[in-house]
Each structure stands twice: as structure tokens, then as C-alpha cells.
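Two complexes are shown next, each including chain A; its partner changes from chain B in the first to chain C in the second.
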Partner chain A sequence: MWRFAGIRTLHAIPVLIGVTFVVFGSLQLVPGDIANTLLSMFYTEERGEALRAQLGLDKPMLVQYAIWVWNLLHGDLGQSLMLRQPVAEVLLDKIGNSLILTGASLLIVIPVSFILGTTAARRFRTATDRSIVFFAMLLASLPVFWLGIVLLYLLGVNIKWFPMSGMYNMANPGGFPDLIHHLVLPAVTTAATSVAIVTRVTRGALIDTLGQPYILSARARGLSDFRVTYRHGVRNVMPTFANMCGLQIGYLFGGAIFTEIIFNWPGIGLLLYNAILQRDVPMVQGCILAIAVVFVLANLLADIIVYGLDVRRR
Partner chain B sequence: MKPAAIPGPIVAPASPAVKPARARSTFYFVWRALISDRFALLGTVIVSIFVLTAIFAPWIAPYGPDDADPALRLQGIGTEGHIFGLDNHGRDVLSRLIYGTRLSLIAGLAPVLLGGIIAVPLGLIAAYYERFGHLIMRVMDVLFAFPMVLLAIMLAFFLGPGLENLVIALVVVLVPYNTRVVYVQALAERELGYVEAARAAASSDLRIMFGEMLPHVVAASVVYSMTIVGTIIVTAAGLSFLGLGVQPPTAEWGIMTSEGRTVLHIAPHASTLPGIAIFLLVIGFNLVGDALRDALDPRTRLVRVKLARGKQADPDEDPEPAS
Partner chain C sequence: MKTNTHEPGRWRCFSRRTALAAFGAAIGTAMTVTGFSFPANAQEKTVVMAIEGEPGQLDPHTHALWLTYREVYLMFESFTQQDLSVSDVEIPPIKPALAESWEVSEDGTVYIFHLRQGVTFHDGTPWNAEAAKFNFDRVLNRDFEYFYELAYNFNTWWHQDIESYEAVDEYTFRINLKQPNSEFLRRISMGGFGSAGMLSPESVKQWGNEDVSLHPVGTGPFKFVERVVNEKIVMERNADYWDPQRVPRIDRLIIRGIPDAATRELALLTGEVDIIATPTPDSVEYIQGQGMNVIMAPVPTIYLMWINFKQKPLDDVRVRQALYMAIDREGLCTYLRRGQCLPAYSILNFGGPGHDPAYQPMPYDPERAKELLVEAGYPDGFEVRVDWTPGGAGDVATVADAEWIKRDWARIGVDLKIEIFEISTYMQQMNKGMREGTGFMQLSWGENAFHWLDASISPAALPPNGFNAGFYDNPKVGELLAAARAATSEEEMLAKLHELQTVVIEEDTAFIPTHSPLGVYAMNPSITGFVLPPQHWTDLTLIDKTQ
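And then the complex of A and B:
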């Protein structure tokens, strides 16, 4: 297992290098002169020069990349143009909040999609199965930002069950219960799409498994349907299920941008949104790099865990 | 070996109306799938309604997309002359929804179409030439390292505003996924007898790839494309919601949601109605996509036809011989 983990980690390194190249290279996509585009109506010769020097645009591209990576390895992602603070510092400050939201969403995704997926597979081709499949299709079709707005309006504005924005009650911060109270709506919103995906895959995998001969033999021995499904069938689906859930960590983390905007959750997504609005290039690059790295690491972790879970491969 | 032992086509006995089994084209299965299944039919109807709305928008919409009546601004659903109310500039929400259909369809279909045109040859070539294929797939791995939405956000941000840039960003996001679908399919095809036969007949590489293999891999790409249209529409609307891609005051569903959000407390219809429109359109495409996937998957195709006719049916047989 450790051998596999080591090899898999080594494979992630070229991908991470590629990621830095894409994030760095994206700046070259800006049409025309970058400083001119960014400053637009505030452009003056002096300001343009200053910005070019700050972004390092006055040097050849490969040198720029080398400097950028060198600084990156030293934990320096440049200065935010708007906040006038180091990007890395701001990111570190916010990444925890995003991880809290991701974790809470994952805690919703895992049980809900497990129950829905296994129930649908157990009742394959019945009305229950069809309604679950239809429900998953509806969830997958939901625009996240719209779901957030609707939940906010119905449960936040109308019934006032849940607070409307932020992580803590500003006037009267209440610690952990307060945090949970603020977490519910954003977590549900973020989880919706992932629930649909994991449910669908789990159902498909379990249906395939339940069609295998060893399941038939278990049934022939007179085991209860519940026992056959959950003791014999689900065991073989667990690696797939764990893998899907692991993949969702990255998607939840990256997809939280809409949720964070709507619920004013002070995470990386909201930071990215504000950076986009203010055309704060170093901050946008920093946020995207951070999310992509978390995404790669989450997939790496998922692969290793799945390998550990799969008894047949030991 | 007795020749009689070779299983012939299974023909359902008894019923005089049954015709002998015959091979059916892909289009036949696509068509059957779209009209025989209730959900698929619903999807087809939804998509058709939206397409017609987009085409005839100027004739259907009661007002222009930018016509404003500031006196009535933020009036809710059921206002006289404005069934779906007015937004914060006093523009008719229904009219803007109708005009917005055009942009959402373009933003959903154009990237998928262009992405397919790039991905199919790329996937074929990558599968055919091993070394080149490994290189391409390593490059794709890097693009897979970004969540789809995030990559689209980054590209749209750096390319700048506008519909063209939005479409370019979505094409770049889509190509890796579609290429992988084609690549996997083409790798399997490459090992089959007909490719070997073509090679033995001294066909050129180009001819083998685009004359022989192309028809076999295109179906997989088309099915994948159809299942992804919904996601692309949501992503496109999401980008305009973030202020990327299409810009205000264009009548676009994502922009309408974003603008309506500021007045959520007093006029919830302004931000929720566009979302419902996106939701419905995406449901339509997802239903159609799922049905197509099932129709072209030989495993489920068999199951489906058998279920429709009882146990003794053969998959290649006309499911409704009487008609």
C-alpha cells in the first residue's frame, strides 16, 4: 500500500507542475497590453509601468515563469492589487473556512447518496428506483446559484429558520452551535449536485454487482434481501463509492464559489469572486492555484484510500 | 458440426403480424428512444419548446428585452400586462426570459458542437499513434486537474467579456472530456478485425482513421456531448452570474439572476424565474441525453426492448410490428 501511495504521489508531481504552467500561462490570454487592459480608464504611463514591474511583465516569459515558480516555492504568490496584502497570507486565512464548508457538504453527500443509491439498486426497476433516478436527475439539473437563492429566500428571508449570511452571528457570536446554524443552508446547496452524481454511480455499480452469481448463491442460501444487499453486495461497491466521494471533495471545494457568494461565506470562492470583480490578477491566480492543488491532492488521497479499501489488490 | 446448430435470428413465433428480424440503423434506435420512453418524450418536448421560443423570440415576446417602464419597476408576478412582473429597471421579465433563451441555447450548444469537432479527430489520432496519444493525454491530465467550473472561470476571466470568449472558454473546458471519450472508444476499435483488414488492404493511416474508425467512435462522442449540454448551459449561466462572459444589460438568464439577487427581499421573482428557466431547459437536455445514452448502449437497448415486448423478443426485431 505504501508503495502504491508513493508511486501515485510521484505521478501527481508532473500534473502539479502542469497546473502551475496553466495558471501562470493564463495571464498571456489577456488580449492586448495586460497593464492597459487591467487599468482600463485609470491607465497612465506611470501606473502602467508600475503595474508591469509589480507583475514582472517587463521580463521575458520564461524568466517570468521561473521567478513566479521560485517565489511560489517560497510561499510567495505576489501582492494583491486591491488588498495590498500578500496573496498567500489572505489565502491561508480563508482556506480553512472553505474546507469547513467542503467538509460539511461531504457529511451530507456521503449518507444521503449512499442511502439513495443502494435503495434504488435494491429496488431496481420499481417505482422507488425510478423516482430516485428522477430525483437525482432533477438535482443534477439544478443551477447551484439558483438553488442557493431559493433556499435563502424560503428558509432565510421568509421563515427565518436560518441566518442569511456569514459564518457567525456578528452581534452575538455563539461558537460551534452558531457555526452549524450558519452552515446548514450553504452545505445543502453545495452538496446537491454531488449527491446526484454519487447516487447515480453507486446505483449503477450496485446493480451490476447484484447481478453476479455469488449474489444469486447468497439468495439461494435463503439470506434476507437486506443482508444480501448490504453485507454481500455493498461490500464490493465500497471502493467505487469511496472513490466517488473522494472525487467530490475537489468538486465541492471548487464548486463552492457560487454558494459562498450567495451566503456571503468568507472562503476562497468569495475571495475569488471579489478578485474577479476588481480584476485583481495575482489574487485570481492564487485562488485558482489553491483550488486546483486541493483538487489534485483530494483525488490523490481518494485513490490511495480506495487502494487500501480494495482487499483484492493487497 | 451441423450447420443447423448455428443460431439463426430469433423470430417470435405464432403472431402472424411479425416480420422477419432485420438490422436497424442507429438513427432508428435514437428515434425510438426519444418517442417510446415517457421521460425522453418529455425532454424532447421541453427542448423543442425552448428552441421554438428562441427562434421566434421577437414575435412571442410582448416587449423588447430592453424596453423599460420605470414606473412599474419591481412589480411582482401577475402585474397587468406583465405576467412575470418587472425587474429593477422596469423591464418585462417574461420578455427578457424569452430573449435569454437564445443566448442559453447558443452558450450550451456551440461549445459542445465545436468541442466535438476538435475532440473527435484529436481522440482518433491520439489512439492511433501511441506516442502522440500519450503526450496528448498527459496534457489533458493537467486540464483534468481543474474542476470544470473553475477552469471555465479562469479562462473567461483572462480572455475578457463577450459571447465569443465565453464559447472559447467552454470549448477548452469541454475538449479534454470529449477527447477522452473518443480516445477510449478508438483504442478498443483499433484492435478490431476491420481495422486490421483495412491495414492489410494497404489503406493509408488517414483513411483508416477517418474512413473506417470515425463512424464507430462518433456515436460515443455524440452521446457524451448530449449528456453534457445541460452542464454547459448551467456553467455558462454561472459565468455570466459571476460577471464573466456575456455582460449586462443583455437579456441573459445568469445576468438576470445576478441582478435580481440584489432585490431578493422585495422582488423574489426577478432572480428566481430565470433560474427556473435554466432548470427546465437543463432538465430537457438531460432527459434527452440520458435516453440517447440508453438507446445507443447495446446492453440497455436489449433490456429496454425486451421489457417493452415481453420475454421472447429479439433486440434487432421491430418492437411494434403491427404499426
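And then the complex of A and C:
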């Protein structure tokens, strides 16, 4: 298993190098440059030259890339244009907040889709199965921003069960319970699509498995339906289920961007959104890089865990 | 079979452990990140205000956007200030701030400021001519230890005419100008993209030019407490503020950037915030219905369309006039923007010098517009593209504006193709000048001084040196703007600006102004004393909160 983990980690390196290329290159594709953005309406050639020299933007592109990567390896992502603060410092803070949201969503996705998926498969072609499939399809086709606003309006504004923005009550912060209270709506919203996907895949895989001869033999031995499904069937679906859940980590982290904007959750998505609106290029770069890295790492982690879970490979 | 029955046990065990570990880790992270905080003192009056986006750095000399100046304005002051406690004026009047009084020489080139005595910065550093000189050096003196290149570049709009300055004695500061500047006292009272606000010299020495924006120390009525990026900026009242009229009535002010308008509105309705800026036009009625107070009034914002002079047939003035006349501005304001806007016919915006509400040289007249197109040789109209942006923080529903204009122009046979860009790319495109094939770009601007025209319509601002994105090159415009700035009396300045208006709108029709949306704020009924002056920022020392 450790050997597999090592190899997969090595495989992730070229992907990450590719990511740095894309992120750095995307800045070059934007018309104008940072000096231009920074001076905005008051840009002139002369002022631009002075500022460019000050920021090291007058060097050749490959040299700039080398410097950027070198700084990156030292944890320096440059300075935010709007905040005049190191991008890395701001990012670290916000990644934590996004991971809280992602983690909470995952804690919803895993049990809910497991129960729904296995129940549907057990009751294959019954009314229960059909309604679960319908429900999953409904969830999958609801855009996150729409669902978010509806939940927010129904549960946050109409019946005031949950607060609807931020991580804490601003005027009167209440610590951990306050955080959980603020977390419910955004976590449910983020989880919705993933619940649908994992449910459907789990259901499909389990239906397949339940058609296998060894299941038939288990039934023939008179084992209860519950026992057949959960002890013999589900066990073989587990790697698929774990794999799907692992893949969802990256998806949830990315999907959290929309949720964060709607619920004003101070994570990396909101940071990215604000940075785009304010033309803060280094910050946008930093956010995209961070999201890409988390995505790659989450998939890596999921792969290794799935490998570890799969008894056949031990 | 045996191995098989054994394996599931291990598997179950592993899964349970993993699940537990994951749950524990999640809770653990949450706890560490959260910490435990205690409820604030209930007796304190805390007001939470949600604005349209996250403010930038809190440095008076290098901040950008009105969003940011809303906070900078409350913490920093200049020699002069604008009186924002009155709403029924065209332009907020100038009154003394850190200078108690001033004298201006006959020829308008020497300003002597008598500084207010007994004022200290929030960190205890005394305010005097030395402190003023430190701030001017930071912006202007290349040999100064704390000279800040960015600050120099950001503030040219108010310091371009300064020749020299000196601390005459402890409380007298003298500024010599190269030429008269009709708006000097007003420009040093403004902000939004740099300002002449005074920083504590000690704070710059302690933190350095870059990091001082994380520790803002000024003389203003509010003191900086803390900032958590993307969450909040917390300020508290400065009980020792020099003007008893402007000592805040509330204890704490928390500013939150909430970019999504619907979230902002709902946060107000649920009581999570007390005041919000810029609800969407469509929701104002609903918010009022829920018992909230809505205050709206004209502010200096104006939406202008730049015209590409390199693009045929827009190089023909008759075509430009036809397009100008074919827009139903009244309808746009009444129906699309629900009465929350004023039609705009001039480049001189509401709240700025020379604005004339009756100015309407070419009223809405689609018939005449059609005739003009026939005269110009386009009886069947033509197709043209506009590059548009949903805007930055504070802009609402601008894409609908584009569709309104498309509909109006379709009536005279002009087929408008709309292409949308996000604000960042868009602004850089404006700096480079319009791309080939694009006829128009649109942007909101407008100030209560006219320096923004230098950066947008003057030949000096032709790409890549400014925002004259449509390559409008009329030397007369540059001359008139310079003459208006160098005027020694207000009458002279206004005369030049009116001449400019005639040239740009009636003779050249080089820009198509469309409308000025009102400033709109909504608040909980417990908030009293809120005043909305004709300005992009407001004086929050005036508000109070009843329990």
C-alpha cells in the first residue's frame, strides 16, 4: 500500500507542475498587466513603466515564471493588489473555512447517499426505489445557486431556524455552537448534487452485485434479506462507494464557491469572487492554484484510501 | 470461505476507525479554527452594515474603490472635509477639518493652512505641520525615506499642480501651486482612488509603507479595531474626537462585504445586519413591505457609453446624434429601474460642478433619429456591437440596461449585438482602447469634482494613457478641461465646463450618457439619523441605534 501511495504521489507532481503553468499562463492571457490593473483609470505609459520595473514585470516571461515558481516553493504567492497583504497569508486562513464547509458537506453526503443508494437497490423497481431515483434526479438538476437561495429564503428568512450569512453572528459571536448553526444551510446546499450522484452510482453498483450468483446462493441458504444486502452485497460495493465519495471531495470544494457567495461564507470561493470583481490578479491566481491543489490532493488521498480499503489488493 | 468471513471484520473495523477519525478531525479543526468567544457587552451599541463587496487596503493614500473609501473616510481626515450631514444640496459644501482655516493668495497659487491644535492621531502622535509634511513627503518626495511610488501615482488627480510645500511653523502649512487649481480644496477633501487623508507618521515608521494599511491610524471619528478579510472590518468610536458634533453615537461599527445583493437584502430582513447598501431596484418595495426603512437620493454616479471613433459608421456625427436621441431614458428610469434613477443627458453628472438638471439638448425623438440616419446614408440601419460588463461591486442590473438600449435602437433599425465581459478584462480593454468591430463600451463613474473627465474624455487620456477608450481626439476638450481647472473663480470654471458640455454633447456627440441611478440604502427601523448626501460615501457618525 505504501508503495502505491508513493507512486500515486509521484504521479501527482507533473499534474501540479501543469497546474502552475496554466495558472501562471492565465495571467499572461489577460489583456494588459498588473501595472495596468493597479493604476486603472490613471494608467499612463510612463507611470506603467516605473511600476513595472518596481514589480519586476519588465523581465522575460520565462524568467518571471521561474521567479514565480521559486517564490511559490517558498510559500510566497505574491501580494494582493487590493489588500497589499501576502496572498498566501490570506489564502491559508480562507482554505480552512472552505475545508470546514467541505468536511461538513461530506459528512452529509456519506450517510445520506449510503442509506438512499442501498435502500433503493434493495427495493429495486418498487415505489420506494422510483421515488429515490426521482429525488436524486431532482437534486442533481437543481442548480446550487437556486437551491441555496430557496433554502435560505425558506429556512433562514421565513421560518427563522438558521442564520443565513457568514460563519458567526457578527454583533454577538457565539463560538462553536454558533458555527454549527451557521454551517447547516450552506453544507446542505453544497452536498445536494453530490448526494444525488453518489446515491445513483451506489444504487447501480449494488443492483449489479445483487444479481451475482453468490448472492443467489446466500439467499438460497436462507439468510435474511437485510443480511444478504448489507453483509454480502454492500461489502463488494464499498470500494466503488468510497471512490465516489473521495472524488466528491474535490467537487464539493469546488462547488462550495457558489454556496460561499450565496451564504457569504468567508472561504476561498468568496475570496475568489471578490478578487475577480476587484481585478486582484495575484489573488485570483492564488485562489485558482489553491483550488487546483486541493482537488489534486483530495483525489490522491481518495485513491490511496480506496486502495487501502480494497481487500483484494492487500 | 474462512478468509472471506475474516476479511469483512477487518474491513468493518477499518471503516469504523476511519469514520471516527474523520469526524474527530472535522470537529477538531472546527474547534481550533473557531476558538471560543464570549458574547459582547449587551449595553454596547453595535451597528453592522453590509456593503456591496470586500473593501481593499485601508491606506488613505493608496486605497481604491468607493467601497474602501467608505471606511477610510471614517478613520482618516485631510485639511478640508465635505459636510455630509446635509442631503438637500447639489454638491456637499467644503468645511474645515484638520485645518481650522486657510488663506489663498490673490492669484490662487499659494495656500496657507492654519492647522487645528490639540488633535492627536489614534496612537497618540500629535497632529501638527510636521505630521502633514510627513504625509506629503510620502506621496510626493522621491528622496524621502518613506516615499511610496504607488501613492504618488494614485494621487496625481489632486497633487498634479503642487510645486512645493513646507511646514512654516508648528501649526502652519504652506502649499505652492504651479498654477491655480479651481478645485484644490475640494479635491483634497475627496477619496476613492487615493486621497489626501493624513496617516500617523509613527504608524508608517513602525509598520512600513506596505503593512501600514493593516494597522490604519488616523485622526477620524472612528478607530480601527480589527479586520478579518472577507468577513468584517471592526471600528469603534473615537471618544476624544475633536468635533463634538461628530463623535459617533454608536460604540462599534462592523462593516461586512456581501457581494450578492439577494443575500445582502435577506441579511437585513433577518436582522443579521442593520444597514445595507444598494438593494436591487426590484426588491425595494418588498423590503419596505417587511418594515424596513429605505432611503434613496441622487448620488454622483453616471452611466456613460463611450463611442468608438475608429468604427464606421460611428465616425459620422449624424449617426452618433441619432443613437443619442433614440434612447428613451425616461422610460428606462421609470420602468426598468423602478423610478430609482435620473435620466442623464450630459457628461457633467449630478452632484458634480456645472450639472444642470434642465439640460436636454437632444430629447428622445426616434422619428428625428431615423431621419438623421437616412441623411447619413443608413435608411435601413446597421449592425453594431457593444462590449458590456455586469460591472463591479455596486453596479446592479446593468445587463438589463444594455437590453433596454438594444430595444430602443432596434426601433430605428440599428441592430445592437451585446457581448459581456467580467469587469477585470473589461477595464483593461478600456485602457487599451476598444477592439476592432466594437462600437461602444459602457461604464459608471462620476464624482463631485471633474478630475475624472481628465482621465476619460480628454485627448491626454487616449489609450494607452487613460480611459478615452473610443479614441475621441478633440484638442479643444483638453484645452477646456485645463482652463476649467486653472480658473481663478467658480464662475469662470463653470463657464468653461458648460462650454465643454456643448462641445462634447451637442457638437461632437462623442459620448452617450444614459442614466444616474440613485444611491439606495435600506435599514432596520432601529437605526436613526442616517443621512444620504450626494456622495458615494456617507457620514456614519450621525447614526444612532435605538434598542
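In the analysis below, the second predicted complex is superposed on the first by the 292 of 314 C-alpha atoms of A that agree within 3 Å, B and C clash if a C-alpha of one lies under 4 Å from a C-alpha of the other, contacts with A are read in each partner's own complex, and residues count from 1 in each chain.
The criterion applied here is as follows: a residue touches a chain if its C-beta (ideal position, glycine included) is under 8 Å from a C-beta of that chain, and two chains touch if they have at least 3 such contacts.
Predicted, not measured: the structure shown is a model, and the values here were computed from it.
S.K.: Record, for the superposition on chain A, whether partners chain B and chain C clash or fit.
M.R.: Taken together on chain A, chain C would clash with chain B, as the superposition shows.
S.K.: Look at A:L10 in the shared chain and tell me whether it touches chain B only, chain C only, both, or neither; answer first, second, both or neither.
M.R.: A:L10 contacts neither chain B nor chain C.
S.K.: I'd like to know which partner A:M167 touches here: chain B for first, chain C for second, both or neither.
M.R.: After superposing on A, A:M167 lies in contact with chain C but is clear of chain B.
S.K.: In the overlaid three-chain picture, which partner chain does A:V144 touch, first (chain B) or second (chain C), both, or neither?
M.R.: First partner only.
S.K.: In the overlay, work out which of chain B or chain C sits against more residues of chain A.
M.R.: Touched residues of chain A are more numerous for C.
S.K.: Using the touch definition from the top, say if A:I276 reaches chain B (first), chain C (second), both or neither.
M.R.: both
S.K.: If we overlay the two complexes on their shared chain A, which of chain B and chain C does A:I262 touch? Say first, second, both or neither.
M.R.: both
S.K.: For A:R84, select first, second, both or neither according to whether it touches chain B, chain C, the two together, or no partner.
M.R.: In the superposition, A:R84 contacts chain C only.
S.K.: Scan A:A292 for contacts with chain B and chain C and give back first, second, both or neither.
M.R.: first
S.K.: With both complexes overlaid on chain A, does A:I159 touch chain B (first), chain C (second), both or neither?
M.R.: neither
S.K.: Mind checking 8-16, 206-214 or 278-286? I need the stretch of chain C that runs into chain B in the superposition.
M.R.: In the superposed model, chain C runs into chain B at 278-286.
S.K.: Between chain B and chain C, which residues of chain A are contacted by each of them?
M.R.: Shared contact residues on chain A (touching chain B in one complex, chain C in the other): 30-31, 37, 149, 152-153, 157, 261-262, 273, 276-277, 284.
S.K.: Please output the residues of chain A touching chain C within their complex, sorted ascending.
M.R.: Residue list for chain A touching chain C: 30-32, 36-45, 47-48, 50-51, 54, 79, 81-85, 90, 93-94, 96-97, 99-100, 103-104, 106-107, 110, 149, 152-153, 156-157, 160, 163-176, 179-180, 231, 235, 238, 261-264, 266, 270-271, 273-274, 276-279, 281, 284, 305, 308-309, 311.
S.K.: State the interface residues of chain A toward chain B in the complex, per the touch definition above.
M.R.: Answer in residue numbers: 14-16, 18-19, 21-23, 26-27, 29-31, 37, 134, 137-138, 140-147, 149-150, 152-153, 157, 250-251, 253-255, 257-258, 261-262, 272-273, 276-277, 284, 288, 291-292, 295-296.
S.K.: Please give the residue numbers of chain C that touch chain A in the complex, ascending.
M.R.: Interface residues on the chain C side: 7-8, 10-11, 14-15, 18-19, 22-23, 25-26, 29-31, 33-40, 46, 48, 53-54, 56-57, 59, 62, 64-65, 149-150, 153-154, 156-157, 193, 210-211, 213-214, 228-232, 254, 256-260, 262-263, 266-267, 269-270, 272-273, 392-393, 422-425, 427-429, 431-432, 445, 452, 455-456, 464-467.
S.K.: Help me check something: in the complex, which residues belonging to chain B touch chain A?
M.R.: Touch residues, chain B against chain A: 39, 138-139, 141-143, 145-147, 149-150, 153-155, 157-160, 230, 234, 237-238, 241-244, 254, 257, 261, 264-265, 268, 271-272, 274-276, 278-279, 282-283, 286-287, 290.
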